[in-house]
Amino acid sequence: MIKTYLYNHDEHLMYHDVDLFEKDELLENPNNLLWIDMYNCTEYELNYIGELFDFHPLAMEDCLQKSPRAKVDEYDDYHFFVLHAIRYDEDASEDEISSIELDVFLGSNYIVTIHTVPLNSVGSVARVCRDSVDYMEHGAEHLLYNIIDKIVDELFPILESIGDRIDEVEDNIFVYRGTEVTEEILALKQTLILIRKVLIPQRNIFSNIRGRYSFFIQDENVPYFLDLADHLNSLLDMVNTYRDLVNSAFEIYHSVISERTSDIITILTVISIIMMPFTVITGFFGMNVPIPGQNNPFMIWGITLGMMILAIWMIVYFKHRKWI
Amino acid sequence: MIKTYLYNHDEHLMYHDVDLFEKDELLENPNNLLWIDMYNCTEYELNYIGELFDFHPLAMEDCLQKSPRAKVDEYDDYHFFVLHAIRYDEDASEDEISSIELDVFLGSNYIVTIHTVPLNSVGSVARVCRDSVDYMEHGAEHLLYNIIDKIVDELFPILESIGDRIDEVEDNIFVYRGTEVTEEILALKQTLILIRKVLIPQRNIFSNIRGRYSFFIQDENVPYFLDLADHLNSLLDMVNTYRDLVNSAFEIYHSVISERTSDIITILTVISIIMMPFTVITGFFGMNVPIPGQNNPFMIWGITLGMMILAIWMIVYFKHRKWI
Amino acid sequence: MIKTYLYNHDEHLMYHDVDLFEKDELLENPNNLLWIDMYNCTEYELNYIGELFDFHPLAMEDCLQKSPRAKVDEYDDYHFFVLHAIRYDEDASEDEISSIELDVFLGSNYIVTIHTVPLNSVGSVARVCRDSVDYMEHGAEHLLYNIIDKIVDELFPILESIGDRIDEVEDNIFVYRGTEVTEEILALKQTLILIRKVLIPQRNIFSNIRGRYSFFIQDENVPYFLDLADHLNSLLDMVNTYRDLVNSAFEIYHSVISERTSDIITILTVISIIMMPFTVITGFFGMNVPIPGQNNPFMIWGITLGMMILAIWMIVYFKHRKWI
Amino acid sequence: MIKTYLYNHDEHLMYHDVDLFEKDELLENPNNLLWIDMYNCTEYELNYIGELFDFHPLAMEDCLQKSPRAKVDEYDDYHFFVLHAIRYDEDASEDEISSIELDVFLGSNYIVTIHTVPLNSVGSVARVCRDSVDYMEHGAEHLLYNIIDKIVDELFPILESIGDRIDEVEDNIFVYRGTEVTEEILALKQTLILIRKVLIPQRNIFSNIRGRYSFFIQDENVPYFLDLADHLNSLLDMVNTYRDLVNSAFEIYHSVISERTSDIITILTVISIIMMPFTVITGFFGMNVPIPGQNNPFMIWGITLGMMILAIWMIVYFKHRKWI
Amino acid sequence: MIKTYLYNHDEHLMYHDVDLFEKDELLENPNNLLWIDMYNCTEYELNYIGELFDFHPLAMEDCLQKSPRAKVDEYDDYHFFVLHAIRYDEDASEDEISSIELDVFLGSNYIVTIHTVPLNSVGSVARVCRDSVDYMEHGAEHLLYNIIDKIVDELFPILESIGDRIDEVEDNIFVYRGTEVTEEILALKQTLILIRKVLIPQRNIFSNIRGRYSFFIQDENVPYFLDLADHLNSLLDMVNTYRDLVNSAFEIYHSVISERTSDIITILTVISIIMMPFTVITGFFGMNVPIPGQNNPFMIWGITLGMMILAIWMIVYFKHRKWI
């Protein structure tokens, strides 16, 4: 699908589904802004747009392939971005996290967005752009900001939900037992590793170094991109903190299992130490050899009494040594 | 609640609860200083102040939302700070540590502080400012320094109390046993992770790079901000050292459990090795088949003697191999 | 084997197996490009080429020795590269990963590649260069780019296959048991360590620092080398992510084993606690001393009933304490 | 105690216990050098000196409080240093390591040192300064160098003694067993963490960045401060190496315990597998039901022979499987 | 021992054992080069040379003491290097690795090397310098390069031998058992930690920062020092890779032990579960109370059959649950 949105600066009006053959005319006024949003596109359509704007073959190749790492490439009169949105499905049997690539060509007064599946963030911007000039009257990079801001904002509820799961794990490690906890911890670790992998290059693109950005931003838009970088840094902070928390919880869980093993072995040992002498004693008096007092009817009470005293002494001793 | 404090430079006097409609008049003299402290404010009040000073919508948005990461944003004629105070409750069943956001607008001769709950540090500065010009006669950033200094000073007793808890854990790992130690270690780890998360961005704001700060500071105030940065670095040093100490203690604790498990299994094995042959021997002489010497009344003493010799030999052997 | 390819700029034609005695003539035109590809070469052949181009003795030494680390050395009128291709053999009993050295001399209009075994990447470039001017008409560093690009592209399927193996391990840690999982994890760890070791210096060579490269690149070729650096960074990202995933899986696996040990010891303890008293009871009534009710025919039913009640009570108790 | 030492440049002589009221006169000659050493001082004495030299209130506050982190602060005409000496007591029941704060004001021709307890290093410098001009004729920072050099030199024997303890632990982990090793490892870890915490900020103060120091050093004194920085770096290298060695030793110790547990469980299992069938066999023939051959006097030899064959076969089998 | 070597530029000849009283004459010609090699020297000899060349007392002090960290110090007209060669003795009962200090004074046309024991690398350079001008005709830093290059080249076979030991350990962790593996891993870890500690400061000395070295190098010698830095980086890469491999192998070994413990406990549990009921059953029929069918000669076959059925059922059940 190719959708187009044109902001006409002179008329201060939005047009959509414009004729791309008139592209050069539409973009003649440097204050106009053309947005082409492509998704589910065939290679033919992609190449058509590529040729229309004379995009570099390496950038076109990146659009056709899967690029797992966000980046920005500078070309003569446009920038090419590879960005990633994150899709999170807590109930997925495998791979809770997947990333969706969004390729963007950012020209002086046009922007081309390419993605394989519809994206909520792009969709909600597009819905506004149908009627309102709000997102497009401040130039191409302000429109770009709005799209990425939506992508980034989607991450906060995801991380909150992960935070809740970590809280739950922290409660469960002292209570439950079995592979649910272990499986949940593994899932959390994987999820955080993958989110981090997606976020770090994205953060690097939008961070400035001594006030300089890797691409041109108008002064009035700088606060917006600072805000974006700040959100990305907050997200990374949260991911790192969560990773530390999951690791702590996992280490403690491991220790709890060791303690339980140690406790249960102590019980086994105590039981064995108490029961084994009894087995030997009863066996001793069960031998088919002449036993003194073999016929004494009070013998059995004597034996029972002896065993009881032994048992009580051992229990007192173990209590004293804090084994039980 | 909106509280206002005005330092009138010409009269060298403090006023409070001034009329904000006269704001422009009050701030005409660049040596005057106006402090507006807002807490428990409605969105309406916030927006009113925002419009009065013409604050940037992105900064206003950050005041309304929760921002988990300290930062400073530069705008045309003011700076916007997000800071965090730490609230520590050792006896809390969960989440010993929570952070309270403090948003600050720092202009050339005004300062606006926004927080959702009353803060001790802001309160104690406010009490002084009611009567005395001490905190406000040296300019806006000196007032800011005093507020943050109070926030930072509150952290030292918190970290000392954490240090005491670590000392206690270090003593307990060799003595006590059970989940109290494990739970305490988990709580300490979480607390240190969260304090660290709050401190690091705060430290970065107040550190200078080659003598340059991210916001303007008058020369006479530089030593104060150097002192602040130094306190924040000391705190981070302590947090990092505590983290290392907790991790060491936890690793050692884990090892102590393994040692105990190993010891108790050794005891179980020694008991089994001594007792099991006795069970077999007594069982052997208890078989209902003709046994040589079955009717010999000294037989039982022979068997007893044999078992005793075996027991003594085994105990000597185990002592020799240092098992017991 | 020495193979030579000459791009004649004036005729816009390829020649191969040219006479190296005419080297100076061939390279007179700065737009011509000579590629000498050497593999399985004797030391004599290497020295012959070294003298022909007057290469530095230290560079020649590096060609004869094994250099485990990629690097680029600048000499007066050429650059010397040591690069490494990766050979991956999943079914190898040992050392799944091996690296093959590729030494490259990059002059202004000549390029000399030296490798001990034939390389797919070099071969496929050579096949194209036989007939087509595509790879050689854009200068020496564009030819170099094409060779390295092929080497780098070979790594993506390798890493995908490693990713699949990691997925498999993550599934198996909860199901299978035994050394297959452990051996697979060790193999994966080793493989990732070695790939990383090969990739990092390679990445550093082709990364630019503030737009400056460690060797000269024509402006029109810069996007290609940016793309190369981006691919290398993507690969390193994947390797690092995989390393984190393998480590997580391994830690979880370790925990799963501990849990199983704990579970099985619990079962052993429960069985012992139930069975040992029975052994003592039956032994008690088997003693050769007068037992009250020794001749009562209902005695045995009483004993059996008592043991059953004891067993049921213990099972209920263990269920209550969630041991079974 | 306040002790004063004055180097009179014109007379090339030392004076001590000079009258501080004449301070300004004494320091008129820029080549004179006044050293004021204060320890066990009351707050009153501290404030007196502070006012005499007009020290900044923030620096005075740091002298009164405990500052856990070394630093240097630049003021208008002097520098303020917080440094730490290390006290090491191997036989302490707790806290082998403690740090003693040394605060220094370094002016152009005066130096004020403040510490709560007497310091060996300061004492030995003071003893020399009573009679000899050696330490004070080269200016204030040379005197400072001498004091710090003594503090740093005290650390080398401490680290050597720690190194010996690590060697001992490395020997013991394969031999001894019990909490001594664990307690010693914990003590070593804590000691190294605390030394490291003290050393790192100290190192940073005396390291130069591109030949620039954080305070002014005369050219002739630069080699001395380079030497100091080198000593501090050596110490940090040793601390880091020791930390790695202790961690390695601890990991290996943990593994040795696991191996022992595994070995002892193997023994328990072997004993149980051999003994349990015997118990069953003797019990079988002890049943009070008609047993074939019940009255055969050779029966017992047959049973004994059978049990022996079974025992030998099991031992051979276990040896074959390398369990014993 | 003091050995001297003089390269006379005018005559293009080597002299040795020259008279050091004529030092100034010999060094008048800036193209001459004097090398003084000192080993097993008395403090008196050291001080004699120190005074002859007027070396700084701090450098002389470093020659007399042990300096564990490589460094280069710049003095007015010479540089002072502390370097370390590594001695490796695989069969040493303790401390496989030791480092030998080499102190070097590098002047414009003289070089003084000081070491306590003879060094292979220095010796082999000295042997060449006796007759040939090869090593000394290119200036002092080229001679220095040759000595260090020999020291560095000695490390490659050491690391290869360590690599072989790691391969062996990786094979043994799945096969052997016992402390040999653990002791070997500890030895490898210690060795790698110590080699790393020696290499890192050495690498830093010979790395350049943006083409600038910490000491002066003639342009023609730059490729040699680049090559040296490259070799040192290769060695560090290998050490780091080996460290990762040893750590991986150790973690896996730890896991293998846990698996074995888990397996052996499973066997113990299975045996106990099978044998304990038999003990109870035989005890039950061995009780001295009237048992129904006590005199039935087929009773024993019935009991045996029952026990067999129970045993088979349990084995089938355990096989089904994959315990055996």
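Labels for the chains are A, B, C, D and E, by order of writing; each one numbers its residues from 1.
The rule is simple: a contact is a pair of C-beta atoms (placed from the backbone, for glycine too) under 8 Å apart; a residue touches a chain by one contact, two chains touch by 3 or more.
What you are looking at is a predicted structure, and each value in this text was computed from that prediction instead of being measured.
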Intersection of contact partners for subunit B and subunit C: A
Same or different residue numbers at the subunit D/subunit E copy interface, by half rule: different
Centroid spacing, where centroids are CA-atom means, of subunit A and subunit D in whole angstrom: 40
CA centroid of subunit A to CA centroid of subunit B, Å: 25
Residue numbers of subunit B (touch at least two other chains): 254, 258, 261, 265, 268, 272, 276, 279, 283, 286-288, 291
Chain-level touch network, classified as line, ring, star, complete or other: ring
Sequence of chains encountered when the ring is traversed from subunit B in the direction of subunit D: B, D, E, C, A
Residues on subunit E engaged by subunit D in the complex (per definition of touch): 56, 58, 62, 67-69, 71, 73, 75, 177-179, 182-183, 185-186, 189-190, 193-194, 197, 201, 250, 253-254, 257-258, 260-261, 264-265, 267-268, 271-272, 275-276, 278-279, 282-283, 285-288, 291, 293-297, 299-300, 303
Residue ranges of subunit A touching subunit B (in the complex, touch as defined): 170, 174, 223-224, 226-227, 230, 233-234, 237-238, 241, 244-245, 248-249, 251-252, 254-256, 258-259, 261-262, 265-266, 268-269, 272-273, 276-277, 279-280, 283-284, 286-292, 322
